[in-house]
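Look for chain A in each of the two complexes below; its partner is chain B in the first and chain C in the second.
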Partner chain A sequence: MKHRLQRALFLCGIAGPVLAAHAARIGDLSETSVAEQALRFFTFQDPSVRYALLGSILLGISCGLLGSFLVVRKMALVGDALSHAVLPGVALGFLWNMSKDPVAIFIGAVLAGLLGAAAVHLIKHTTRLKEDAALGLVLASFFAVGICMVTMIQRLPTGNKSGIDKFLFGQAAAIGAADVQLMAVVTGLAVVVIALFYKEFLVTSFDAGFARASGFPVQLIHYGLMLLLAFAVVIALQAVGVVLVSAMLITPAAAAYLLTDRMHRLLLLAALFGLVAGALGAFLSFLRPNLPTGPLMVLAATLVFILAFLFGPRHGVMARWWRQRSRAASVQRENTLKAVYQVLEAREFKGEGVSLRELAERRRERVEDVREQSAELRRHNFATLQEDGNAIYLTPEGWQRACAIVRNHRLWELYLTNAAHIAADHVHEDAEKIEHVLGEETVRLIEKRLNYATRDPHGRPIPGLADLRRGAAPETSEQGSLGYGRRV
Partner chain B sequence: MSAPENKHPAAIAPADISLEVHDLTVAYHKKPVLWGIDLVVPRGKLVGIVGPNGAGKSTLIKAAMGLLPVSSGWVKVFGEPVKDNLTRIGYVPQRESVDWDFPVSVMDVVLMGRYGKLGLLKRPTKADHDKARECLDKVKMLPYANRQISNLSGGQQQRVFLARALAQESDLYFMDEPFSGVDAATEVAIVELLHELKSRGKTLMVVHHDLPTARSYFDMLLLLNMRVVAFGPTNEVFTNDLLQSTYGGRLTIMSEVAEAVRAKD
Partner chain C sequence: MNALIPSFDFQRIFIAPWTSGFETFGWIVLMGFLVTAACGLVGNFLILRRMSLVGDAISHSVLPGLAVAFILSQSRSTTAMFLGALAAGIVTTVLIELIHRKSRVKQDAAIGIAFTSLFALGVILINLYAGKGGVDLDQECVLYGEIAFVPLEPPVMIGGQSFGPTPVVRMALVAAATALLIAFFYKELLVSSFDPALAVSLGINATLIHYALMSWLSVVVVSAFESVGAILVIAMLILPGATATLLSHRLPVMLGLTLLHAAVSAVLGMHLALWLDCSPAGAMVVAGTVLFKSAWIFNPTDGLLRRWFWTRLEKPVIEAT
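Entry: the complex of A and B
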């Protein structure tokens, strides 16, 4: 059993000198593997952690939802200032009757938060200082007052058992039944208000001027949002801690922002990520005694963010890298096809096969490189190879693609010289890039614009639609067109 | 007290007045930027607001809609205080005033034009969606309805804003530089749209930057430089003398006094 426990701890990257103390967590466990612990933790079986998990989930949801608005309104710093500004209020709430009465602390903290917001407003509107400076100033000074008060409380006879220091870095284990009730009320309120006033929050966040001109009470909605935000910060304090609670507002929303470009999905994703980060952080903090919950929750949220950053399907680093790679590969294939076409064209389409040597000469590359490219064409069904592998034959698809690329290239060259009056010797480089991106629709437009011209600026024939459709070089079919036949 | 008689371009019947501005003074940080603006705009006119940088063009339309605190004066829209008649006002803000990376689709933005009439709590209905689609089609942006707004060109962004204003189905429109940063084709399309709106009896107040085109685009011009230099039919107002006094450095004293008002505070 001890062996299993050690292995489990090793798996989560934690060395285990404090095993004895560890065993006291998660309801004096009889199970010991991380998987079993996780099962017990997340299925709410264990009464001693039930409140912690529920509370963490609730705070994750409310922080994710409200943080989304901070992110899209570019007010991320406001969350930071607000969360630091509440600390003196927490201390005052505690002093009210010398206990961690959730309601007293909630009221004290919200009042302090609002006082901080008012101070920012005052500084911004009566001095030349801008918002960022005002936020930094208020954040630091309120926090300093809060730290002094917390230190004083801890010096009081009953203070050191108060657990008020947990408000700095957070301890999910400190969440009790009364806390969960309050958290449920606040989260429920946030969900209901956002659902009811989604339209108002959306229009005022996107375009405040327009919203006011449409008759919406923009200022009132802003204050409402700030109040909800203060609520969310305060209920998250106990588990996440003053120092890091703003990260629970910003990080899940920022991760969601990378994954979607619609506001309602952003809200849902951010709430989900907040939930996951909250639950995971709380679980991790229960694995070892006295692990602060806040940093672990924030790390869990950061992990979600990193995953979104790397693997986001649209804007993620990997997706972008993959798109660039496949784009480059497709350009490479198209260039090979074009070279095959040019070899065929140079001998007026006599004979279907193109030897790799010919191709290498045309591309000014080594035969081995061309062999690889030919294999690549074969993999994409654009070509077949001769048995000895020394010559390449285009399939109908390959011919079509090759024709299309040459057609794009030459039409674009002609368009540049005729319509944009660029000298004929200046257009090739540009066409080398454009040929790979022109869509069928644009090509047809250009063709029409050029009156279905058949020769490019250098006098070479431009493959027409008929050539594309035929599926093979003109030699092998009855009616040879390819610009040669068309002009009789 | 009503606006001075001489500012009425031939006496207009009250029912034919769309916008009336009386003695409007606006200050930023105590520094006046608009002085004693009087304006009576008849219905169904396409009005260009021109003047040099810092003349207060945007400030005037924002103040007229009640978006800015005013030092003095009042604004009436169709005979009623502006704040009671906001649903009859449409607005095209400057394109730069919003974050185009915001997570909304083109359709979402145009639907916002319907929000004002919906009022609090109500959701856009199917009819609102249809209307938004119709407006998008009018500016030829329907194929982009489901795109996120960040991938639009300047001209397309402007069309989206116009579609949103159309969706407002208003009688009086304020537009803040709808031609800025748009391509020639969009500019032509916008001018056509403005004329169509006018022919349907709408009044349009358009802040415009480009003097040469102002002459051909608008029925009436408001020459503005901290105060109304002139307001009237384009052919009467677009004269060398008036343009000179709008754009020429005639306002040094006024600017200095404005500066002094601020410094004294």
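Entry: the complex of A and C
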């Protein structure tokens, strides 16, 4: 009896997935060159290639579409739980007439998936356990029941039991005409339902409270989504397998989520990414023997995600880094402009140019650094340089920007001391930061609130709007400079 | 159906393992208990921290860690395996943090992306290196130490005396170390699980505790991986703690109940596997699920049955009076 137990065990547990993964490749191919295989793939001579590719594309589209709702609803791992929970249903469907009848397996799996979704809901609402524990519980217990059933089926002496273990890791090569038909029906259904009930799905996804208040049947829509998800998971099982289906739901949708803020674009992009991942996975697994389809599809989806993560135009890591860099450069330029202004102000705006030595002293930096900063100002048309490069003259644009920054700085200092009652010697640091980001509107409001004051807490004049518009140094008279902020 | 469910023979299923086959089944049950106990103890803290699914993620991503360790070390040595699993656990934790900190993807999606990619990578690595000479990395490798084979493993011999099969001894060490670590860092774990802000103000490094917990989780998972496989580990992690959470509000009691759950599910699971002739690890999880469901339904304070009695029978009476 011990022997019998062990023999049964040998076929089960982790052996199942790994054996399945080992066998899960498209076509039964001998060693041929990569180029030859690629040619075979693209000429579509093999019907098995056609079915595998078509199936992969269909499953990519339906998983991408439905996964989008999971990602925006922050329910990504519900997909994971659902995909594991269908396993006992698959086994039951297989037992129905002891064959891989797509329809029986489909019905069994959908029922098991819905039961799993209901169990998560019930555990969450009748116990102290939180959603994560509920998902984990359902995932693990359903999967365990499934594993027990699969191992029991494998030990049966009768029937065509080959293939039941393939559901753990998927096998695109096993996709036949009937499967493709089922996949097309399900994908079409998903597209039609989403198009018809787009508004309902949208509202319940983003604001469930509002949806409930507006009379949408939130619970019904939730279970409708679960039903469609169960459909998508089940058709993906054939090619990707129970364990990795959740990746096809989450990863393309998450990649799309990084690229857009609009739901309809998210859906389209997610479907496109799912399609690309499915096709790429099918293609790559065809190139060499020993390459399983499901994991390759998942890695292709991950590749798409990594690209979106790094190079997304708005939320990508590179875009953020670039924005940070350009903001830092702009702050640096504004600080140099401010220093030029302060040097000129210190000598009451007599003379136009500021020598780099003066500037360097003011900024407490080396002359070479200041020279670089001046060149940077010249590149942005804020200043011109003397021919020998030792002095800097502000252009009208430069004057405007320098005035604006000083104005922001001093108004903010005054605002903090007057309105927030912060000591005058504590306000400089804060103003140093905010001067670069204060908008025109805010500055006008602050100015009004301060009754168009002309002096900051340290007694220095605040440039007014008229000074800013002048775009040049203030006029000087016999008695010396009138200076900015005098309201002449 | 008759072929699927074998006849129930009380003598064979319930008496024989304890009398004639004890030297085999005793080890299987012990191994099941040790795995469930070690996982369950760590799992309690995962549930408290609402990180159950991080446990799921790490239990999957241990696979590429093992694959890389095999490929690099060209051996199945325990040290290499533990190092690989540890690295995989830390990489997963860091990846999840990275994805959800550096982009607008939420944590749940980040978990889903991280572990599925790593798991897929692991499967592909195993497929690529299986069958190639040199590396003995095939299904047998991941299968190695499947719970029913545990009694057949070479025993640990110290001073001429046998201490039991190697995996059991190793798992016992891991379980004991888990218990010791929890006892030793009980306060830190407790505070940082319930109130991270308080933990920081008490001078406890919550980030360090987080990473330490994740690292230890990967150690426990890899030692359990050998006997129960990647996916059932998640059941071992969550089920005992979830059952205990339903039955008690106090952490020490919960930890005690976890051990009780581990013992009962190991014994029941073994009998179930004998009866149905299926995977013992799966059967142990099914037994654990039954325990959880019993706690859910019959729990005297707020079980489903109690709730039903309250809403149908007691509340109307109270409201009527």
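Rule of thumb we're sticking to: the second predicted complex is superposed on the first by the 385 of 488 C-alpha atoms of A that agree within 3 Å, B and C clash if a C-alpha of one lies under 4 Å from a C-alpha of the other, contacts with A are read in each partner's own complex, and residues count from 1 in each chain.
Here is the rule we go by: contacts are C-beta pairs under 8 Å (C-beta built on N, C-alpha and C of every residue); 3 or more make two chains touch, one makes a residue touch a chain.
If you're wondering where the values come from, they're calculated on a predicted model, not measured in any experiment.
Q: Would you mind checking which one, chain B or chain C, touches more residues on chain A?
A: Result: the larger residue contact count on chain A belongs to C.
Q: Quick check for you: in the superposed arrangement, does A:196 touch first (chain B), second (chain C), both or neither?
A: In the superposed model, A:196 contacts chain B only, not chain C.
Q: Have a look at where A:137 lands relative to chain B and chain C in the superposition and call it first, second, both or neither.
A: It touches chain C, and chain B stays clear.
Q: Which partner chains sit in contact with A:345 here, chain B, chain C, both or neither? Use first/second/both/neither.
A: It touches nothing on chain B or chain C.
Q: Give one of first, second, both or neither to describe whether A:209 is in contact with chain B, with chain C, with both, or with none.
A: In the superposition, A:209 touches chain B alone.
Q: Of the two partner chains, chain B (first) and chain C (second), which one does A:257 touch, if any: first, second, both, or neither?
A: Both partners.
Q: Pick one for A:74: touches chain B only (first), chain C only (second), both, or neither.
A: Both partners, chain B and chain C.
Q: Looking at A:358, would you say it contacts chain B, chain C, both, or neither? Reply first, second, both or neither.
A: In the superposition, A:358 contacts neither chain B nor chain C.
Q: In the overlaid three-chain picture, which partner chain does A:299 touch, first (chain B) or second (chain C), both, or neither?
A: Touch partner of A:299: chain C, not chain B.
Q: Using the superposition on chain A described above, determine whether A:447 touches chain B (first), chain C (second), both, or neither.
A: neither
Q: Find the residues of chain A that appear in the contact set with chain B and again in the contact set with chain C.
A: Of chain A, residues 74, 257 contact chain B in one complex and chain C in the other.
Q: Using the touch definition from the top, list the residues of chain C that touch chain A in their complex.
A: It is residues 3-5, 12, 21, 24, 47, 50-53, 55-56, 60, 99, 102-106, 108-113, 116-117, 119-121, 123-124, 126-128, 130-131, 138-139, 142-143, 146-149, 228-232, 234-235, 237-239, 241-242, 245-246, 273-274, 276-283, 285-286, 288-289, 292, 296, 302, 304, 307 of chain C that touch chain A.
Q: Quick one: which bits of chain A touch chain C in the complex? Just the residue numbers, please.
A: Going by the criterion above, the answer is residues 1-2, 4-6, 8-10, 12-15, 17-19, 21-22, 71, 74-77, 79-80, 84, 95, 123, 126-130, 132-133, 135-137, 139-141, 143-145, 147-149, 151-153, 155-158, 169, 243-244, 246-247, 249-251, 253-254, 257-258, 290-292, 294-296, 298-299, 302, 305, 309, 312, 315-317, 320.
Q: What part of chain B is in contact with chain A in the complex they form?
A: Those residues of chain B that touch chain A are 62, 65-67, 83, 86-87, 89, 91, 93, 97-99, 102-105, 108-109, 112, 115-116, 118, 120-124, 148, 150, 164, 168, 174.
Q: In their complex, what parts of chain A are in touch with chain B?
A: Residues in contact with chain B: 72, 74, 196-197, 199-200, 202-203, 205-207, 209-216, 257, 260-263, 265-266.
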